[in-house]
Structures are given as C-alpha cells and as structure tokens.
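Read through the structures below before going on.
One chain, chain A, links the two complexes that follow: it is found with chain B in the first and with chain C in the second.
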Partner chain A sequence: MTKGSPVAVAGVGIISAIGNNVRECLSALENGQAGMDDIAWLDTVYRRKIPVAEVKASNSRLEELAGVGQHIDGPAGGRAGLVSRTALLSLIAAREALDNAAIPELDHWRTGIVSANTVGGMDRTEAFFSRGPRGRLRQVVQHECGYSTEWVADRLGIRHYQTTISTACSSSANAIGFGAKLIRHGILDVVVAGGTDALTKFTLNGFNALMILDSAWCKPFDGERQGLNLGEGAGYLVLVSDAVAATLSARSECVLSGYANANDAYHQTASSPDGRGSWLAMKTALERSGLQPADIDYINLHGTGTQNNDLAEGTAIRRLFEPRYPKMSSTKSFTGHTLGASGGIEAVFSVLAVWHGFVYPNLRFHTPMPELPFVPEIEFIRDVPIRHVMSNSFGFGGNCSSLVFSKCQS
Partner chain B sequence: MEYITASCIIRKNSLYRNGRLVWEPPPAGSADFLVSVYQHFGFQYPKFYKMDQLGKLGWLAAELLLSDGLDAADYRPEDIAVVLSNANASLDTDYRFFATVRDIPSPALFVYTLPNIMIGEICIRHQFKGENAFFIFESFDAGFIEAYVRDLMENGKARACVCGWVEVLGDSYTAALYLIEKNLTTLPFTAENMNSLFGTQNTRHD
Partner chain C sequence: MPIVNQPVYIRSTACISPQRGEPDYRALLDPKLIRRMSRIIRMGAAAALTCLREAGVAAPDAIVTGTAYGCLEDTGRFLNSMIERNEELLQPASFIQSTHNTVGAQIALLLQCTGYNNTFVHRGFSFESALLDAALLLADEEAATVLVGGIDEITGTSYALLSRFGLYRHAIAGEGAAFFLLTARPSTYDYARLDGVHTFYKPSTDEEVRQELISLLQSNDLAPENIDVVITGNNGDEQGDRVYREIVGSLFPGKVNLTYKQLSGEYPTSASCGLWMAAHQVQSGVGRVLLYNHYLGIYHSVYLLSHVAK
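Up next is the complex of A and B:
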C-alpha cells in the first residue's frame, strides 16, 4: 500500500442535535449535553416512545438559518416549505464550512461538492403521501439522493463538479475520501465534502424493524448497551489543494493524511463478529497515512451502541492496536447516529480535535465490555497534544471506511 | 473477446444448465420448488433456509452455474463482477414484510427488502468482491446487459462476470444466469446467445 499525499482541511461546518453550528456543538461537547429527546418535529406514531436526536428546529426555522426566502428561484428551486429537511441541513453546514475556510477569490478556483446522504428528500415524499392523492407533486421531485447536492451546489455557486455518494452509514466518510482524491489528482482545487441526513419515518421504522433501537438514551461501548438512537444533521469539510492552502490568511494545521474503504462481505446489515472489514479499513488507512498504530492519539469511534457494531469494532481495534490503545469515544452518545451524515459530522469533530487538542467524552458509559481490554474516555479533555486522529464509519452492506486526520508539520 | 462459458436457466419447475435440461421435480405434491432443488442437489448451506424467495432463487442459480463452471484459482475476488436484473425488485418480500408490520415487523424479512441483497448472498457464498449492480427492467434486456458487462470487462473493471435475470413474484419465478469470461473460445457473449439460451427451455428436453 503506497502512502498518499495529505490534503489540507481549510474549514468545517456542522449542524446536529447538539447545535446549529460549530460553536454550539463544541459547547455541548464540553458541557456533556446530549441531543437526544422526545420526538418533537418528526410526524410519527413513535413520539414519546423512542428517543431520537433531532436538530432543534422546525423546517421553517431551518429555512431562515439557510437564508432561503419565500420564493426560492433557480432550476432546482422550490417554494418555501417545500424544500427537504435533508437539503436545508446540508446547505446550513456546507455554507458554514465555506465561510470558515474563507478562501480568498473562491471564484478563481475549480470548486466541487461531494455530498453524501441515505434518505434523499424522503421527508417531503412522506409528507406527500400523508395527504393522500391531494399531495403536491413538487414535494416528490426531491426524493432521489442527488437532488439536495444539486440544490446546495446551486445555492453556493459551486459549478465545476458535484456528485452524491450513498453507501449507508459510511457515506460521508467515503465522500470525504473521494473529495481528497479529486484534489490529489489535480481535478479540483476546492472540494466541499461530507454529508447530510434528515430523520424520516422510513429510517425510524426500518431501524425499529431491525430491533436495534434503544428505547432509552444509547450507551456506546458499554457492556449493557441496548442499541442505537437515530439522529439527524450534516457535516462538511472544505478540502483544498496546496496552491489554495498557500493563499489562506490563517494556515490550517490539519490534513487528511489517510483514507480507506473495505468490505466485510459477511452479512446484509451486521458486521462480522471479528470486524474484519473494519480492521482492514483502519489498517489500510494507517498504511496510506504512513503511520503506525501507536501514532494515533484519539479514535472517534463508529460506536453506534448496538451489540453487534461495538463488539466487531472493538475486536478489530484490539487486533490492530494491542497492546497500546489510544484514547477513544463515540460522539454518537451526543448526536445519535446520523446515518449518511455521521461520517461528516464525526470528521468535523476529528478536525476540531486536531485543531484544538480536544478529546470528547463517551456519555453514559458505566460498564466495561467483558470482551475488550480497554474503555472509552468519559471526560472532556482539553490541551492534549493530538497529532493524529482516526475517524471510523461502518455501514450496512459491510461497507467500512476509516479516515486519518493529522496535525501538519509546520 | 468475451464468451458465455456457462449458463443456468430456472423456470416453470425445470432447470437447465448450459442449454440442457438437468432436472424436473415430480409434478404433483412438491410444495416448495426452490427447497426441492436445494435438497435434490444435496447443497450444504444452512443460511439458504433464512433467505427470501429471491435470495433462494438467485443463490441456487449461481450455485448451479458455478458448480463446475468457474475455476476460482484463475481469479482474484476483485476480478469477478455480478450484474443482475429483474422486473419487480424485491416486491415479493416487500409484500411479505408489510404483512408483518401490523403485528411485529419482522427483522428477518426487512433485511431482504432490497433486490441487491440477493447479489450480496451470492458474493458472500462465492467470495466475490468485484463490481456489482442491479437493474430493473420490464423484461430481460439482453442488449443492455451485454453492453454493460462488456464495458466492465473491456475497461479492466472485471475479468469475469455473473450476469442475467432473477425474478420472483408470488408463485412465479424465473432465473437466467450467465457466466462471462474472456478468451475461452466457447459461445460468444452476445445478446442473441443469451436470449437463445433463455428460450431453450421450451424446445430442448434432452
């Protein structure tokens, strides 16, 4: 496996159940405030029965945050109240990421967006069907996964490249890996990469049918974990070429140094018990970074809280890192599992960990897993020297991806 | 140049391999044709019983197609692609799943409510890790399959491919799988030859 050249991260943007932007999310992480609650906005029979981590805003509030008015023009436009929640979340986080990057004369560069999601505009499709045959067909045109990417690209003036990736819960990590390749191969200069997903009845009912939802707040990597909580949100990085990085007034000190995707080839929805796909993804990402396991200071776990994931992921970590384990935690204990957005949201947290020297707590951890020789961090730690962070995202279909972010040598 | 090096057609209670009728179960009393095929050939893969009807049919067709067709030593797992199609996706299982929703939604059925899960079952069984794709057409479009698979094989994305049609809805089921390889100078890989093999079950009973 050859080492790839690192790609600079110039900016980050996020919206999730714990905040509508980077500052709010970091504050919640510091204060140990999880985003789970009774269902407030999703129209479902599971209100007050199944906790989820919703973004704390109605669609009309999200339209305000996204800066879209009553009449949204353009070829991919729609009237206020008709834009999918998936697209609104995407626009809010992607715009924050570009603002954060503050690239001078952005128009002069070849710019693209690689955005992941799993539900597309299905929230609007469900609204359409809830009104029987009288629904408005405008709601259904956003159904397919690529729609939100096009809509956001138009709103942000991104015109050289746009594509959508949908590989279940590893979608966003693969979007970031692919975005880095576009930069590395000289195809683009700036890529907004990450993902978005809104909660829908379809996902809530589907995960409920798989019997992997916790009826209480989830406990990732705990011996008594009962399942996951679903969440929603969006997270994006701005990846830039060296030429663009040189023009930035504040030099970013974080690079994506490695990425790998592998497959378990074991089961439709479950990971193999020994986590062979996750092991292969982590090992290959390390090799591409030119790093040894001991170089990793923090792992942002996939850590869904299901019996199956946490055992498979933990077993793979044991195999790769034994005997010296890095600090690790699952921030899904704050944001819930945001599916297609989770790799983007957790990449944002990983970059912030590199920038600021943070390690995040794994909330509600009490009982070590008997199968594992390590436990996650339970306190927010600041001012730790962090050189390398690994972010894991493992999806249905055995699709496993790992990203490695590193502090650049200045 | 690509060639059809093996084929397997399952339709109307009969089973053809490489254009020859290989088995017909006794006409009356056979409750579940797919299970009777599994038992007749003495397959040993307990997970078969957990699969939905589409998974069972695709798995059986692939088993018969590859049993003496593919020399795994010739290929790396990444070299072998799977490209399948049908008319009704996973609708048969979608109906069965929906029937359980009013009571307790069945996780065992839910995981099969996508047609490409069947491709997963075939890949897990044979350890294929190449390109895979599933397409929906009203009827078997041999021309599309030929163009798609040829493109994969001529652009170095795959060195062998299992392709064809696997369709189940209620009591009706049809499978036509083809193994495509290069430079083996058997039957040339063309839409006409795929259609001809698909059609043989009505005329050939040798």
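Up next is the complex of A and C:
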C-alpha cells in the first residue's frame, strides 16, 4: 500500500451509555434515547447533582459481558472485582469489533492493537488512595494508560504489536490514524484501533473545577448551550490490509480515506476563537483523502456543548465549508463526552453512517448559534446516500484530529 | 519487531538527567512559566528547546513524545486535594496539567507549532512507540523534521509505591527527559545515523535476545564484530543485569561496554537517555554503537547507530 492510500474498515465494536453493543447503540440513536441520567455507579458526592452518561452496568455485570471468569489471571491480582472499568469496557468493545470483522484464520495474520485512553485505571487508583497510603498494591497496578491495552491484547490473542496513545479528547482518533499507518506501511495486517475511558471521580472533579459541566443534559451547537456532560465507554474499528480484506466473506464497503493531526498551539485547555487547529486538521484530512469540502455528506462533530469548543469548531467549519454545509450533528448529545474513547465511539458511528446511509440527530437543539450560518440535524435520517463522513476530535493541549471515512468505489 | 528500518538522522539531542543536574531553566523559559510548570513539564520543555536550539531549527514539523506515567506530580496533587477536600472547592490548575500530552502540548505552545503532535503512553515501550511514529512521518514525507522525546518524572508517591513493588530494591530510581531532532536526510551537522531499532516483548530465553540483536545487525549487513561500542541498560539489579552480561560476553567479547543508568537511574523511558549517550559516542568519533536496554525484563529494545560520513 502506498502513502495516503485508503485502509479498509472490516469491523466495529462499541459500548456506551446508550448500549452495550452496536445493535443497542443504533437502536437508541434511531429512537432518540440519550444515555444521560443521575449518577448510579460512580461513588461521588455529585450524585443527583451532575448528570452523566454512564454505561448502564456495574463492574461485575461488565465482567460477565467481557467474558472474564471468577479467576482473572494477570497482574490485577487473580480475582474478579479488581479489574479497572477502563479495561473491561475496552475488552467488550474490542472483542465485538473482532467478532464483527469475522476475519477467517485470524491467527495467520500479523495482528496489533492501538488503544487510547486518558486516565488509565484511575478508578482503581482512586480506590487505592481512598484507603490511605497503605492501600492494596493490586489496585494501583492498573494506573498506567498502557495497562488496559496489554490486558486486552492478552485476552484477544493479539500478538504482534501493541501501543497506547493519550492526547486527551482526541486520543482515539489518533489511535485510529496511527493504526492505519501501520497497515499502510505493511507493518501489520490487522489492527484493532480505538479507545476506552471509564468515568472517574478524577475527571468528574477536574471538569467540574473547570466549570464546563452542564447541570442539565448538554445542548451541543445550541445558542443556549451550558457545557458538557461526561460519559464513558469504548469504541474500536478493525482496520485491515487489502490482502486481509480480500478474504472477508462480506466485503466491507467503508475505508478510512483520510486522517490529519494538528495542534492549535493556543492554550492548554481552550481552543483558539477561530479554531485554527480544528480547521487545519479538517482541511489536511480532506486533502489526504483527495476530496473537496463539497464531497463530505455528514460531519460527526466534536460538539462537546461548551461555549468555547462549539464556537471554535463551528467557526472552523464555516471557514472550510462555506457556502455549502454538509449535514452535521454531535452524538455527544446521546453518549456524553467519553474523553479518550470519544474518537473511537464516534468513528464507529461514522462507519455505520457510511455502511447504512444514516445521519444521526443532534438532540435537544432549539436555538441556532448567532455566530453560525448553519444548524445541526435534529432528526434521524435513513437511506441517504452517504459517500464521505468526517469525524472530528479535539482535545486539551490543542490536539486536534479529523478522520474521513468513505464508501468504497466499486 | 522493527521500529526503525530505514535510516534516520539525529540532527541534535539534549538530555536532562538526575546525575547531570537540572539546567538553568531561566536561560530557556520565561520565569513566570517556570513557576507554573511541574518538574516533568520543565524538564521536557527545556530538553526540547535545547535540542532545537542546537539544531538551529525554530520549530519542527512534528512533535512526538513518549511517557509511561505522564504528569504524576499534577495528577497526585489533584487526586490528593480531591480526597482531602471531599471533592469540594477544587482548583483546576493541576487537573489541566495532568493529561499525558501536556509536555508535547506545552512545547507546541511555546514554539507556536501547529504541526502533527502525538503522545504515546505504552509503559516500557512509550519512547519506542514515539520513535516508530516519527520514523513513519519521515518515511511518508509528512514531516522533514520530527522532535521526538522520552520523559518521565519520579514523585514522592511514585517512589513510595514503586518501592513497595520492589523496583528499587537494587536499582536506583530515575527520571529524565531526552529529546532528538530526527530527519530523513543527512546534513553536515548530524550527531549520528540511527540505522535501526527493534523492540521485543517478554523474550523467554537469552537465545531469543541474541537472535533479535543479530537480526537487527544482519538487516544492516553487519556482524557483532563490526560494533565498536556496546551500551547496555545495567541498573544494579543482579537479576536484570544478568542478560546484559550474557549478551555482551557471548556476542561482543572484548568490546567497550558502557552503561548509562548511573546517570539517569531506572525509569520506563530511560532508553531515550541511553540513545542520547549513544549519539554522543558516535559524534565523538566512534564508528558504530549498539544500545541494548530492557525495562523489568519485559520491554526490550535495541538500537544501532553509526557515524555519518561527511
């Protein structure tokens, strides 16, 4: 494969506040059912005060879904109840993606995983520190971001390469971009790429201290938006070489056709008012995919619901797409902002949009932003011809990434 | 696994390590900024700026960092205040600087560098993952200059915890920041050519390690006798150091064997400090250097560097 050539998407897997798998998530998207609710599982003083989008399952239920038994081998201490939620979410979605890809004789190929997250096993680290400095070591052993990647790779028999990326809220978009590079350069044949993050007290308190959490359900790209809702989950794609794609019984009709990563270089947490990093990422991703702005049929927005992000992203979209705007929406209005998982989760939605011809609604949109000449979609649209979808992920540290997914030319 | 298999050039390098002491940051950074930065950010930013200054490059086309633990000091500070204050009235400053991409992001901010920016956080392979990304960016001609670095810091809490895990029973705890400006094409000023890098995970026998080293040499049409200096990651732990002795004794008998962890101590991205030393060896006239390091016996990497004919 040569530089810039598209990489086939063979499978997708997801778990989020709106469903434990692809089928459940799609059904929630079709029915307009958001995943926000009062906090049910996270142990925090903000229960009933701040809405979040939790995956609707306890850790022991997640262990069942992940198919891990009572005796879990590995450094987590050999027993159930100790594996970080981050790792469990990752295993569930990554396994669904591999099952969905159904690659014949997977063992014969060079396989890798590129996963992403922002806080690793912070949920376990919090449990460790809440017991004082003499907490149990088996809790804190999962702290490193790379831990869950290794744990999942071992369970899925992914042998040839593994790595982990952390660039705040753009983490898993970069994991997908890097995974595609490994395929294009012939380093691997199959890459599971995406990300995972569990809701933690650390992130809830951090975003609360930044005063960018909405105390109601978030309203991305609305003139009266008040901030974001945090979520959790995991989303992965299975990227494959042309040789592997040729062996699939059902030919995948979606490819990753473009990816770009740029930096806003403006502020550690705030986006530049004109969204220069966002603009650069979108523009370069389009160039790499060989497309014009008018070719994009749908943009899955980063769309967090904060004053700053939506204005910066919207301004960058106006600059790039004016005067013809594609359909667009923020599915964070369903899943909340899943941080290191968001790029993976939204890449899954983007691939499903290409496969099935869907456009998702932007829930709770009422008032257009006065600064922008366009509004997001508010209805679920089916059977639209979708050729190219752009997925945006922007994060702290000015890290901006855009992915472009395209329908195969056949 | 080959991480680098097309040669890249090390235009410049800079390293901050405990033994050599921290530099005078005021010569590099605005004092107001220094006060706001945690140690890992200061070390990383200073090493990056020094590296670029030496190369005479104002801003690179891409910045890629590797860190296993990320910003532990800020993470610990926010976590502790959250527990102490029972989640009330928290200041966001340490949370803001706790994300793993902070060092790479701060460098981009200081340089106004809007190019590619990525951070790898894969335990003992964090730095090697960053190197792979850098090599692919150069191969794709997506960047002509890539600033790549390995950074980790030690804090009171991490020292206490890792001591309880037994990591420092024999080895000295370490930290540091080492940065490299890599290019696809040679210039008149290069420190060294990085001919190849291989990583391997949990080798079960010494023979497997030997085969990995030989395969890197063979892919460059070299044999062990062509190596002039071997640098190994000995850290004082008898069990971990055994494989270095075995490999040097069997493949490189009589060769000069240098070590670097007396400067850096042990930490997951310490191979970056070893690479800094290897680049300096080549620059000072050594023809070919092989660097072999492992972290905890799990994450092994081997680097081949050679002198660039001027």
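The rule is simple: the second predicted complex is superposed on the first by the 400 of 410 C-alpha atoms of A that agree within 3 Å, B and C clash if a C-alpha of one lies under 4 Å from a C-alpha of the other, contacts with A are read in each partner's own complex, and residues count from 1 in each chain.
Definition applied: a residue touches a chain if its C-beta (ideal position, glycine included) is under 8 Å from a C-beta of that chain, and two chains touch if they have at least 3 such contacts.
All values derive from a computational prediction rather than experimental measurement.
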Simultaneous placement of chain C and chain B on chain A, clash or fit
clash
Which partner reaches more residues of chain A (counting touched residues only), chain B or chain C
C
Is A:174 in contact with chain B, with chain C, with both, or with neither (first, second, both, neither)?
second
Please indicate which partner A:129 is in contact with in the superposed arrangement: first for chain B, second for chain C, both, or neither.
second
Should A:350 be classified as contacting the first partner (chain B), the second (chain C), both, or neither?
neither
Counting only touches as set out at the top, which of chain B and chain C does A:164 meet: first, second, both, neither?
second
Quick one: is A:185 in contact with chain B, with chain C, with both, or with neither? Answer first, second, both or neither.
second
Please work out whether A:100 is in contact with chain B alone, chain C alone, both, or neither, and reply first, second, both or neither.
neither
Would you sort A:196 into first (chain B), second (chain C), both or neither based on which partner it touches?
neither
Set intersection of chain A contacts, chain C complex versus chain B complex:
205-206, 208-210, 263, 265-269, 397
For chain A, which residues are in contact with chain B within the complex?
205-206, 208-211, 263, 265-269, 397
Interface with chain C, chain A side, in the complex: residues 3-4, 44-46, 118, 120, 125-126, 129-130, 133, 137, 140-141, 143-147, 149-150, 160-168, 174, 178, 181, 185, 187, 201-202, 205-206, 208-210, 261-269, 276-277, 280, 395-399
In the complex of these two chains, what residues of chain B are touching chain A?
97, 101, 105-107, 110-112, 117, 120, 123-124, 127, 129
Complex contact set, residues of chain C against chain A
1-2, 63, 68-70, 75, 78-80, 82-83, 86-88, 90-92, 95-102, 104-106, 108-109, 111-123, 125-126, 129, 132-133, 136, 139-141, 160-161, 164-165
